[in-house]
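Everything on this sheet refers to the single structure shown next.
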Amino acid sequence: MKLGICSAILPDLSLEEVVEFAAREGFACVELMCWPKGKAERRYAGVTHVDVSALRKREAARIRDLCSAAGVCISGLGYYPNPLAADAAEARVYINHIKKVIRAAEALGVGVVNTFVGRDPARSVDGNWPVFMKRWPPIVKFAEDHGVRIGIENCPMLFTADEWPGGKNLAHSPAIWRRMFEAIPSKSFGLNYDPSHLLWQRIDYVRPLREFAGRIFHVHAKDARIDADRLADAGILATPLQFHTPKLPGLGDVDWGRLFSVLSETGYDGAVAVEVEDRAYEGSLQRRKDALRQSARFLRQFVS
Amino acid sequence: MKLGICSAILPDLSLEEVVEFAAREGFACVELMCWPKGKAERRYAGVTHVDVSALRKREAARIRDLCSAAGVCISGLGYYPNPLAADAAEARVYINHIKKVIRAAEALGVGVVNTFVGRDPARSVDGNWPVFMKRWPPIVKFAEDHGVRIGIENCPMLFTADEWPGGKNLAHSPAIWRRMFEAIPSKSFGLNYDPSHLLWQRIDYVRPLREFAGRIFHVHAKDARIDADRLADAGILATPLQFHTPKLPGLGDVDWGRLFSVLSETGYDGAVAVEVEDRAYEGSLQRRKDALRQSARFLRQFVS
Amino acid sequence: MKLGICSAILPDLSLEEVVEFAAREGFACVELMCWPKGKAERRYAGVTHVDVSALRKREAARIRDLCSAAGVCISGLGYYPNPLAADAAEARVYINHIKKVIRAAEALGVGVVNTFVGRDPARSVDGNWPVFMKRWPPIVKFAEDHGVRIGIENCPMLFTADEWPGGKNLAHSPAIWRRMFEAIPSKSFGLNYDPSHLLWQRIDYVRPLREFAGRIFHVHAKDARIDADRLADAGILATPLQFHTPKLPGLGDVDWGRLFSVLSETGYDGAVAVEVEDRAYEGSLQRRKDALRQSARFLRQFVS
Amino acid sequence: MKLGICSAILPDLSLEEVVEFAAREGFACVELMCWPKGKAERRYAGVTHVDVSALRKREAARIRDLCSAAGVCISGLGYYPNPLAADAAEARVYINHIKKVIRAAEALGVGVVNTFVGRDPARSVDGNWPVFMKRWPPIVKFAEDHGVRIGIENCPMLFTADEWPGGKNLAHSPAIWRRMFEAIPSKSFGLNYDPSHLLWQRIDYVRPLREFAGRIFHVHAKDARIDADRLADAGILATPLQFHTPKLPGLGDVDWGRLFSVLSETGYDGAVAVEVEDRAYEGSLQRRKDALRQSARFLRQFVS
Amino acid sequence: MKLGICSAILPDLSLEEVVEFAAREGFACVELMCWPKGKAERRYAGVTHVDVSALRKREAARIRDLCSAAGVCISGLGYYPNPLAADAAEARVYINHIKKVIRAAEALGVGVVNTFVGRDPARSVDGNWPVFMKRWPPIVKFAEDHGVRIGIENCPMLFTADEWPGGKNLAHSPAIWRRMFEAIPSKSFGLNYDPSHLLWQRIDYVRPLREFAGRIFHVHAKDARIDADRLADAGILATPLQFHTPKLPGLGDVDWGRLFSVLSETGYDGAVAVEVEDRAYEGSLQRRKDALRQSARFLRQFVS
Amino acid sequence: MKLGICSAILPDLSLEEVVEFAAREGFACVELMCWPKGKAERRYAGVTHVDVSALRKREAARIRDLCSAAGVCISGLGYYPNPLAADAAEARVYINHIKKVIRAAEALGVGVVNTFVGRDPARSVDGNWPVFMKRWPPIVKFAEDHGVRIGIENCPMLFTADEWPGGKNLAHSPAIWRRMFEAIPSKSFGLNYDPSHLLWQRIDYVRPLREFAGRIFHVHAKDARIDADRLADAGILATPLQFHTPKLPGLGDVDWGRLFSVLSETGYDGAVAVEVEDRAYEGSLQRRKDALRQSARFLRQFVS
């Protein structure tokens, strides 16, 4: 496996600085954010380390050379909008950009694009299904045609009241992944696996490593702490941030030893990218860099 | 405390038969269902052991005599509709009937009417609040005026997809009860406490016994079993019956010894009514009677 | 379900006395031991409450009348030898007697005969398989022809050094049952389910209730206590009685509430027969009777 | 084993009434309190069901006849003062009365007298030892001479600030019992075993059943609930009632199934006397009687 | 947060050597011991890395320069006597020295002095209160006047029989801190927080991080291992070293990930100083230095 | 303690390369494999880093110089055959080679030779005892005479069906070690302690550290993960690899903090050699080297 970082936490660094930081700290790879320029719909979004709209051959070659010189590979391109937005026009904008990211991945020789399936939060899983079946097969086909695999992150995108009730991403449980992959069995359609979102849903975050072994294209290393006292008062029907907190690896409840123990047996040999969404470590660029370093120190005891 | 039964599970018995069954099996009390005749909107609803529309003084006296002769008291009258239904006209029908039940309670000398607060399931707790604040104070005032206390059952009324996302009853967690009782501080507004719904919400079902001690007007003895395997696959965002099953006391995960241990210290001296909603025991009248007997055998080791 | 007793613990009572005891104590049924007269190869074996060798029509009718008059049914006939004994001649004796028990069951109108699959303890599961496949299909066919179902008890018959290493009964785990029922798919071939033997093997004794739902023909209510201190010193490779002790229901580690919770949902409606193999309760006939009574008091809180 | 009651909770009943109550409720025995008349130094003390000062042969015979007629035996005589009181004169009064209780036991044919070793609470265990070694050997010798065994209850007598720091009874842990019995190896010196006091001390209350098997002369069935929230705030150095509550069997944290499971194997065949010290059940004589009945219902599933 | 060391474990090193060691090993700060010269009343006491009696301006400037040149800050000055000693004259000596340490802190520009509240071990918490209220307000006032904050370490100073029963430091539980800070609400009066002493008292060592967030002035990183077998025999009333052992971070039962997880959210940005009191690592200076290095390797996975 | 490696995982490296690798990675010692050349009876066997058959004084001196120059000591020589093989001639070959390894240890100044006691897997522990008592005392005597201690690894050598039922090494539990050391009390006969094999046997792997403190001559750092789902289906009577997987330290269920916590108190100051038998890390020499590095990173937080 290759330990890396998600660039979303370093929006104030240029691509060159991100790659140089990763190299200096011994990370083997980076997942580069590819949001459209100038747009930031929510925390951790809107970061543009590769401007896929403007990516010409020459620029692609420059980026490849940059990474190659630094000894840091690009584990994936990341862009996490809501392609199942209720407003079809809005969704079209997102899907068009996803396609640009796919093309950029092809140009950069990066095999994986990470994104969300999306969801109309006002409707149930079943209520979203027809739209999913209409919008997603063409995206997956497009990725296949360009030799790129799509890694769907398993975040419910449900944290606070504004995302209530359904969140903005259908793909949040093994039960739903199973249904998704039966519906779209393409080998280019898989997961960007983040155990922290499974943890607070009380989902076993180790068992799926085997069942979905061939479908795991990318891994996010993020942790979460369940606050038992708050859960005991508010219950699981409350909005999730009422009872859990996203944290750096090692500061939450994920059992990383067991996770890597099984992951090391499934043949997974891809990236494990540290994703920092821990507000206690966001006060300054220095602090965010420290967060990445600390996460690496913690994770390196479980992964080579 | 007084061990009793909820009459909802015995719809095929007349009031006389219910009372006689309770007496013969040594139950001290019954919660009598008071749905409008002929109406059954969902499982366990629509049962009419007291027809409150038609309740004249004479009939009330007859019922009181009947119970008194059998040595069985009426712990409460029960009617569980959705007074916060989105359709105001529909809600009005429910609220009018609640008032009839309150009047019947007064006539029968029964101190408690059990019901739901209700909820528009399509809206969040905050989204329901203005309607709650409009519709409920008058109901509570009405109850106060008639010397009756309202016990709100803490069921989220969220089991399957048709109740998704919010369920049909706001009052499902201590955090929300706190808010409710601050908003309507009347001493006639309290809880019909059922630990089984707290259990699967991962809410501590013992701690609130102290905080809400004076607010607990009635207790339902129902249990629930969390099915760990199914939860580990579907997660807490799935509809609740995907990961838990309502069961008889003793066949679920509630620690009844601890529950009664603390309840016995809070000064609660009211009814603990066995509520059967265990499908494995609903095949026949005989089976449902057996369910009540078995529940009593289980509970009597913890309660006098 | 019907709460009953295994007659093996009452060898000093006649059939009439067994049935009368069961009736007086409110048990609904009895599993009657049918060992050949005069033979007692090990503890709890060699008990003959029905002498199947000598069973004529007239005697069968008498027994049926006796039970019917007492209101006690026969849940099964029991005979637990080793039909896979290494010595083929010895095995033939056992198999012949099993067939007599099957015929007796037919004559008595009893649907179930309980026994062991047996095992050559000196050989592995695979090593026993060819003999299993040779000896068992004809027995099952014989049972089918006589309208009787065979319930294989899931005891490994491995307690002390003389049964080491393999024990005297193959059918000790869900993994092996699966293989057995694939090999002999007859609907007359199933289980006499005893959770106590699964417990000390660290096997989930609740999950198989669903997978093998249609295969559970009879249930033994026995418990076992794992002695953690002894296990921590001797380990799981020691002979099993070095780290566990068979006990009455409620005095061991089986979670009977959960067991009955799931069993009550699988459609099982047969016998649950208390099997006493707790040496602390074997000092006298009085003590053994007390053991059956105490077990019933414990179990009746979970079963009707 | 014989299920019984401690008479301390029924001070308002006469001996005759105590025995009659026990008989009617099916208890096999009673531990009778023998405090000097008119004295009540603390809660649950000062009860005199047998006035040992005045016990003549004739009265002894009358009591024996009374019990024998009711089918209720006397499991022990109880008197729980502080024979290691710092004030030697005070201690002498207690010891003299203990001797009277021993003589009464002899006269009544009762084999066991239950009491405390006592302690000067201001001194450590070691600080108390010389006084223990001076005062106790003669008492034990006296008991031996009269054919009576002394059962020391294992209560630390440390609940609230007035008993701080050491409590009023040395004999509160297996480590100390071991030292006691090495110092005074008489077979007439043993324990009145109460698991509830071991529980809140975090002492294993099952393991000593084997080590001290021959030393357990009497058992008290009392339970205790540890209140985790309060302990987490105050810690184990707080006075014990700050973090635990004495409760009826089944309403606390003692695992009675496991306790009786092992007790049933140690050869113990004596009394298990329900001791009620649960303030939630002390409101009236009726309530205290209910407490005894409820405890019996709970315990009878584990004991014959 | 700043990872540092307590200098008490390096008594054989000079101040210069301590600072140089800290710098070389990458520690950001040191807590310097300031016992009066020549005095060592117990293990880990009596260490003098700053001689506060003799501290002139010039020496203070030299120390500041030394640290500044090494890039190591002084997290606090430490001196841990018993200011509530029963002997008022003895206490006066301690308090006078505490004041000297406070003045030294001012001179050195160090914001925190760490010490104990002290206790007369022969008296209860309440029994100590009047003396606490007499002696402590002036000390706190003195600290305020000199711009220094007092961090009270939460050790009960109760390990072995000589400190029995009450230990030598009142401030051992959140319940008592609450009382202390209500009595002396000065913002200069707070805690030197050491989770290891809370652990063996069964106190939640994470929850207080929020309640006392503004009061935590310094943190000691020490761990402790509870020895379950010994506790199960001796119980919580035994002297504490009978059932627990102080250990290096990572070799005990503290969940450091959870501790730092919450600490990182409370705004705490001060020192976390490794305190070595693990006898397995005290054989030589080399071994004690190794202990500090190993502790740092362990802790750095949780803290930046 | 000294962190080291077992050379068995590096069969493709020469002795020189093994020593150089250890030195470069900061390991303090190596356990060198000494199988006869050309022989490889099973996975991880057959490795020859020291050819003991051909070891002349000169070669021994060269090896000593090599290690000394690299600053790496030899923690032990390892050769793990089956000296209790049923075939006495086969066993003789093994025992002769063990003696050669002992002589080589003497020549190299290495104090410890690690091996197995062996076992005839077809016979019980008792069945093997007479052969153990015949073959082992002379080997131990031989070791004593050459100033070498024998460390018996505690692996049952029971993983798959071919080793069923008894495995190929008697010395797999504390209960058996106790018996072994009573039978052969020589101070040169002890253990090469590997907690991973105790873990899956459900044996306490911390408690024996004290009981067998003087007998622990060498430690293997290997971990194992119990796969609960598979165990729950197959049970403890299945062959062990059906329910557990050997893993690198940190990727299994061993609590290394607790292990080192107690080990650090027992006076053990010898080698802790990382033994890699994790198939997920065996794909290439690079991967196996990474496994050793990762294990070291994990372990160094617990050991100096």
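We just call them A, B, C, D, E and F in the order they show up, numbering each chain from 1.
Keep in mind that, in the parts below, a contact is a pair of C-beta atoms (placed from the backbone, for glycine too) under 8 Å apart; a residue touches a chain by one contact, two chains touch by 3 or more.
In this text, all values refer to a predicted model and were calculated from it rather than measured experimentally.
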{"item": "Shared interface partners, meaning chains that touch chain B and chain C", "value": "D"}
{"item": "Selected interface, C-F versus B-D, where C-beta contact pairs are more numerous", "value": "C-F"}
{"item": "Same-residue or different-residue interface between chain D and chain E, half as cut-off", "value": "same"}
{"item": "Which listed pair, C-D, C-F or D-E, duplicates the contacts of B-C in over half of its pairs", "value": "C-D"}
{"item": "Cα-centroid distance, chain A relative to chain B, in whole angstrom", "value": "44"}
{"item": "Whole-Å gap between the CA centroids of chain C and chain E", "value": "64"}
{"item": "Distance between chain centroids, defined by C-alpha means - chain D, chain F (Å)", "value": "54"}
{"item": "Sequence positions of chain D contacting 2 or more other chains", "value": "207, 301"}
{"item": "Chains touching one another, given as label pairs in label order", "value": "A-B, A-E, A-F, B-C, B-D, C-D, C-F, D-E, E-F"}
{"item": "In the complex, chain B residues that touch chain A", "value": "124, 126, 156, 158, 161, 164-167, 172-175, 198, 200-204, 207, 231-238"}
{"item": "Complex contact set, residues of chain D against chain C", "value": "207, 257-258, 260-262, 264-265, 300-304"}
{"item": "Chain E-touching residues of chain A, taken from the complex the two chains share", "value": "225, 229, 245, 247, 250-252, 278-281, 287, 290-291, 293-294, 297-298, 301"}
